[in-house]
Amino acid sequence: METRRPTNPVAEEILGLYFPVLDHGFVALVDYMGSDEDVERAARVSYGYGTRRTSETRGLIRYLRRHRHTTPSEMVELKFHCAMPIFVARQWVRHRMSSLNEYSGRYSLLPLLFYRPAPEHFQAQSATNRQGRAGAALTTVHGEAVERWERMRRGAAENYEWLVSHDVARELARIDLPLSTYTQWYWKIDLHNLFHFLAVRADPHAQYEIRAYARVVAGMLKRVAPLSFEAWVDYEHGGAHLSRAELGALRRLVAVSGGGLAARAGAQLGREELGALGLSKREIDELVAKVAAEPPADSFDLDLATARTGADFEREMAAAVPRIDRGT
Amino acid sequence: METRRPTNPVAEEILGLYFPVLDHGFVALVDYMGSDEDVERAARVSYGYGTRRTSETRGLIRYLRRHRHTTPSEMVELKFHCAMPIFVARQWVRHRMSSLNEYSGRYSLLPLLFYRPAPEHFQAQSATNRQGRAGAALTTVHGEAVERWERMRRGAAENYEWLVSHDVARELARIDLPLSTYTQWYWKIDLHNLFHFLAVRADPHAQYEIRAYARVVAGMLKRVAPLSFEAWVDYEHGGAHLSRAELGALRRLVAVSGGGLAARAGAQLGREELGALGLSKREIDELVAKVAAEPPADSFDLDLATARTGADFEREMAAAVPRIDRGT
Amino acid sequence: METRRPTNPVAEEILGLYFPVLDHGFVALVDYMGSDEDVERAARVSYGYGTRRTSETRGLIRYLRRHRHTTPSEMVELKFHCAMPIFVARQWVRHRMSSLNEYSGRYSLLPLLFYRPAPEHFQAQSATNRQGRAGAALTTVHGEAVERWERMRRGAAENYEWLVSHDVARELARIDLPLSTYTQWYWKIDLHNLFHFLAVRADPHAQYEIRAYARVVAGMLKRVAPLSFEAWVDYEHGGAHLSRAELGALRRLVAVSGGGLAARAGAQLGREELGALGLSKREIDELVAKVAAEPPADSFDLDLATARTGADFEREMAAAVPRIDRGT
Amino acid sequence: METRRPTNPVAEEILGLYFPVLDHGFVALVDYMGSDEDVERAARVSYGYGTRRTSETRGLIRYLRRHRHTTPSEMVELKFHCAMPIFVARQWVRHRMSSLNEYSGRYSLLPLLFYRPAPEHFQAQSATNRQGRAGAALTTVHGEAVERWERMRRGAAENYEWLVSHDVARELARIDLPLSTYTQWYWKIDLHNLFHFLAVRADPHAQYEIRAYARVVAGMLKRVAPLSFEAWVDYEHGGAHLSRAELGALRRLVAVSGGGLAARAGAQLGREELGALGLSKREIDELVAKVAAEPPADSFDLDLATARTGADFEREMAAAVPRIDRGT
């Protein structure tokens, strides 16, 4: 259709494409408002009439991001259609500065689709990151786990159908469905808050399953506002925060020299010296990790070949809804 | 302890008392900031130095509520500790203008406590309110439902323990726990947003289970800010909104007379005439219901005799956490 | 340009048109996301696969509005470019659930344009609505007021130019500009929050100057989401809220009869009887006013003939920026 | 008074003390909810029953701050009474995640108090930070500026009194008061959002006048939640963010060695080499500044000797309200 609104051909290309995530989930970009140019325009209104306008879009956007002038990026908005297991939805919903409309299990019968972790993501409790998983896949355990899951889910589905077929209210029938059951929603969020979502959910400390969604969302954002995305990767995602004590340590190793920087000859800070500067053991590990880390390699590009149609997913979902004779 | 902060003896009385809700849940008021006097003080700052201050607290608070001047009620804050089934938590969390910290199933082992609906709340899908339940209790179905639930929950608990004992990450082990599993959180919200929570969740259209929580929360709010609560009951909870067409209908039945109101002699509006005024069938039913309805009778008073201690609930929760030999 | 996004021809027609408000202000619709169909689509996701879909868009949207299911209307977003006096901006900015980027008086030189109230809006302090104005225009006072304003503004402009020409920081030079000075911003808000803005700012109790803006914004919203707008007018703007006591009074005057309503023969409620039902004097006046009031007559339609171009306003603004020799 | 709520003696000590800011402004801590222990308690609920609790409050709070787990700090709330010039209020109000009630110039007569910058803060437009001021005080200009301000304010005050005495609505009479006029409000905000306020407003790039307020607010926060404040200073206020390119530069100068860090012998990065790593000129300057900068020296401690009483300020404000014969 024709429009006089700002449009973005690279974003248009993926509008309405459904990208699969996990075994039955998806993310689709449904609509967008604005692009990098609109971030710039919003920022420019601050700069007004009495000033020269020399910087170009990219420079300005990088400047804004570097200095945490985030309000102009609230001017870009993205809308998604997503399906995910309920335990993922429970993490997602905590991002309050967004709008969402979820499938209602009170009003409607739920599709009985459940998430089954693939063997390669089936890992042990992490010893270091005490809330996540780590290490080699627990392949032998996985086999029995799958059997247990299948049994549990068959039972849950059968109970749900039995309750609904006995006319029990749907809001009650659903209460023993497992957290692995898929739900879906429309989700609308602005660029500023979406970057915050990615900072938390594309982070290696996030649970793998929501990270898989964050990765696809990032690929979509990259098409809507590529310069903002690049700036985010350069200044936030690929950067690191140094504390006052870490900066102090750095100053003992590096000096300003001729307008640039130089390593201080022979300067060394062992763990004890770092401790004396006020860093705890854990902070020393974190500092060393920041210095040692490779920059993130993921380009976040979407693979368009994997995309399916919305109708395709809708068919799969609809087929998983129990058919009840009562004829709702 | 001594404080120079505004305090409220009627609220102090319930501080730290744990009120049971459903079979294993609770709500406790942990802290509060301000009271009716603080709503008044915040409103008074608007009225400034050039004006007389004649109205008293009650009159002012009722005026504010009646005219939807809600910002002064943001000046009162309440903090709760609550435990509820996950399907209730999923409705609760949609109230975005609040703060919460929930028990983490990624970090910690979950207490295996599940909500079992009592027979009297086990009802059929409502035909009129298409998302709720209605009618007589389905007592014969309830018996078998309980058996099915028990079987399902034993299985879910056993699987959870098996997975955790095989060192599977907790964030994975939990994914087949049912939505009836209890969780808990700290929740902080201001008075304005809490009234909105009550408007939605103490409403007869809300699911019974969250209504049970809203009722207790209302009883606590009533102790923190009794005049604001009374005004809310009088102007919102016990009131009703009339549309433009409904007001038009009303004007045909009632006239202004001598500074008061009088019924127009012989005036009648049958369903057809109401339809001609622009009301749909459903709206006519709703209008008739508004005229026919009795004012709400619930006083929302708390029964202090039901309160338990936090330690008591903590013991119950801790006892329901699986004991795993790995020694976490 | 071509787009696969949902578009709305009636909204497209005014995209980028600048509608004058007050003497130097404007509102322009810069972009929009979604329309009534997107409100419907978001609501439909709740209704899911297990249900028939019989209602049409209009019926559904009216149902949602009537029952305060407001989250689907968060799915529509509007972006505006606006210029207004600072005292209007100070009221506007209190609508927190929106995004804005304002012209910066720290970074840029300000256009020296000031708002001068027209004689017909130059009224006395209202005796009833104790924060507004009322009564006949104070035409004789207006003449001298204009002279005083002009003198004051010439002085303020001259001082600003003098300070800036002596290289005083702009953030300081501006501090004695009057509250009538125009500023401008980009403003983005969703439909739900925009209705709340209108409820407060298109209300007769709002200050005339911000009401003038609300009126134009309403006309734009009406083009983006006409069915939602109609429902808002019917159920909220043109409706009224009755308190518990007012409903009680109503029940004494009107009875349910044959599925419809009928006036109770001879029923009358004088001011004393209304007082006995718990209504204060002020509430009785308010109730009588609700019954007596005519429904609002404003169609909120925009007059496209008044629209100007953005370039036109930009020229006017730029011409009002002081030209300083320092050459910033 | 007695309370069972968590209290904090160091915060109690300043409750209700009015700390002067600028020439007629103030900040007073009116109430607070919670302290460091409540941040800890909220975080602990996530850690649940299946885990040991070994870390102490300070360690946990530092861990949370370091890893940006900010939701527990939303559990602490502070309420302030503040008076500030309108141009400061306009920056302040942009912090949306807070509640405020402001003195109403529509309802009440305004105290005619204006902010006059002291000579030492009267500086030129900054050449580097293009929105602020810098350099030596413009003392010779200051003298004439004061004269101009005084003249302007006398005129504005006289006009305001004249308009009000002719019964012009207050909402109109005020529109030519200057942005330097003082206003006041109650302000309530949680710890998380208050830290964000400080990050933006206690920053050297913020306008001096709002920084003066941020400094006092910081001193109050330090008394309410000292460990959280210390962590904020160490990890955020006194730290710095390094971009991906800056980290890359750092890695060329510093190596991991024996579990600690060591300067790489002879490593040097001149401006050209830094440019080759992707840093713009401006970014190179910023990186050098980060390495060269001294840690912030301000302790943010309040000087209790400067505090005045609320009654004292109220008297000053009330005395500045025009006395109008009409007798409102």
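Read from first to last, the chains carry the letters A, B, C and D; within each, the first residue is number 1.
Please note the rule applied: a contact is a pair of C-beta atoms (placed from the backbone, for glycine too) under 8 Å apart; a residue touches a chain by one contact, two chains touch by 3 or more.
Here the structure is a predicted model, which means the values were calculated and not measured.
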item	value
Of all other chains, the one whose Cα centre sits farthest from subunit C	A
Between subunit B and subunit D, centroid-to-centroid distance (C-alpha), Å	36
Distance from the mean Cα position of subunit D to that of subunit A, given in whole angstrom	32
Subunit A: positions in contact with at least two other chains	104, 107, 328
Graph class of chain-chain contacts, one of line, ring, star, complete, other	complete
Of subunit D, residues touching subunit A in the complex	59, 62-63, 66, 233-251, 253-271, 273-274, 278, 280, 282-284, 286-288, 290-293, 295
Residue ranges of subunit A in contact with subunit B within the complex	85-87, 90, 93-94, 96-97, 104, 106-107, 115, 117, 122-126, 130-134, 138, 141, 145, 148-149, 151-153, 155-156, 159, 162-163, 166-172, 174-180, 207, 328
Residues of subunit A touching subunit C in the complex	1-7, 12, 15-16, 31-34, 38, 41-43, 45-51, 71-72, 74-75, 77, 79, 81, 99-104, 107-111, 184-186, 188, 190, 314, 317-318, 321-322, 324, 328
